[in-house]
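Sharing a structure with you now.
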């Protein structure tokens, strides 16, 4: 019923963030908070911002970032067609070296859609 | 009345694309066409796609791409607030090394707004 | 007798591409096709193009792309010396952060040579 | 008597930051402030942090960031030998594509030293 | 008593470097040697250079490089506070896409500190 | 009769390298020498290596590196068709953000062909 890829990712992410926070000073904590704030609803809806985060993460080839934004896109009610069009932009900007990340993005997306 | 930054950019881009096309084979021509298609209206409106192109270009620090998408965002009726929120995502994903590009993005945006 | 690294990679790649293609629209399909066409025999032989793909993948640090081009280089009859000289260029352009990828490139190459 | 490269850079940077700040929301302002705080004296002296900023900027090939940190390194009393050793690390991590940026870094450094 | 993350990394690194060296020509060997020399004590102490290597590796998002420099930082007697301040610079330069790598950096650091 | 783009580039490059060499220690000098050696005739002809350098420079978006390799490709007798096929690979690996660099690559190539 649940996505194993996303669950494994979320647990690992939480476990490691707990270690980071044990050592983190003010700058690292502020960066974490800033990163969170940038995706809140505003003039642009949070859903569009998550899609933007997905496009940028795909273009910059960050698997963990992709997984995170794929999860948030799904939670925000992004449709298959919206996700695909964002993926196409990420691919055109990110190029053939983004393809392996596109594959893993769709593996996670597909699992979330099948829940 | 017109933006000098954008005009200079558009002219230079046209001049150089003309040279590229004199030499380009099928793959380069297809890539150009694909790059164009990815930003058309679809499940996501063209305006949102241009903002996505701007975010990715800022995060990947491509001044010419930024200028192009700033121009398209302006033409599509993107508001100051929408542009700023997209810029904030591009900055958080692109980091301090994106700041010089953010500066030039806003120089072009500001000029377009003053027309 | 067969390379386990390449077999695992090929199977996973096929499995995930099948998922991508279930969702892919025209742009993603065209990008896949374009990516394939760029490496065909032409004025430059396919073998040289695969070596170019390897150099660029090493310089851009994409493990999956490296594995793919290592496989294609091997299939095209690239020699140890040719592969090593291309690797040296990829390393000089890609720098010390390309070394971990160089290691994995040679792990796959070595396995293919031992078949 | 003064460095023309640095003066031109500082003036342009101030002019464009003024435009950014006219449009900037909370996230962009916070990012600017965070970027500033990260280089303050702490367990590591500010001078070492500026050298770290220079290494990272060289490795990531950001000319404006390089110029900024070259200026701060000079102001903090970094010696020729310290600067050169940091540059060597930036070059080994950043590779041959960092060489053009190394050239411009040394052009600015040389001008500052001749004041 | 020992760090499992670092031990696994060191063993794998040695195993793969042995394969690389079986094929490596003069350029690859020289690059390896250059990469080693850049971090030796000089005008800047080796400890500071390892921290610089860590900052650059975090900003460039190379997990293997991060692990290597985390190990060397620990061996050189870098303190928690020094490591954290370097990490903050790496994060501000490397951005939100560096966060997953920061997490893994701290996982290794934490394990080394608990030995 | 001569290419102005290449002449300007060569002069500026020589002027700045002279400054670098005034400060450079052993590591920087060795890196320069290594960078040179990697493109010499070997199992692969120098001409193919220059094309590889061009592909990697385009994919990594380094204008100065592109100009340098465009010049060397021209000197080595690379044909229009060979150059175009290499450019297509650089574009497919480097993506839409490589297009501005492709434009400037062809501007230099075109000027060299018209001499």
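Assorted remarks:
Read from first to last, the chains carry the letters A, B, C, D, E and F; within each, the first residue is number 1.
Just so we're on the same page, contacts are C-beta pairs under 8 Å (C-beta built on N, C-alpha and C of every residue); 3 or more make two chains touch, one makes a residue touch a chain.
Quick caveat: nothing in here was measured; it's all calculated off a predicted structure.
The chains in contact with chain D as well as with chain F are A, B, C, E. The chains in contact with chain D as well as with chain E are A, B, C, F.
For the two copies, chain A and chain E, the CA superposition rotation is 120 degrees, given to the nearest 5.
Each chain gets a centre from the mean of its Cα atoms; for chain B and chain C, those two points are 31 Å apart. As a whole-number value, the distance joining the C-alpha centres of chain C and chain D reads 37 Å. In terms of their C-alpha centroids, the spacing between chain A and chain B amounts to 23 Å.
Residue positions of chain A with contacts to 2 or more other chains are 27, 31, 34-35, 38, 57, 59-60, 65, 81, 84-85, 88, 91-94, 96-97.
Within the complex, the chain D residues that touch chain A are 26-27, 30-31, 34, 37-38.
Chain B contributes residues 34-35, 38-39, 42-44, 48-49, 51-53, 55-57, 59-60, 65, 79, 81-82, 84-86, 88-94 to its touches with chain A in the complex. Considering their complex, residues 13, 16-17, 19-20, 22-25, 27-28, 31-32, 35, 57, 60, 62-65 of chain F touch chain D. Contact residues on chain C toward chain E in their complex (touch as defined above): 61, 80-81, 83-85, 87-88, 91-92, 96-97, 99-100, 102-104, 106-107, 109-110.
Contact residues on chain B toward chain E in their complex (touch as defined above): 59, 92-98.
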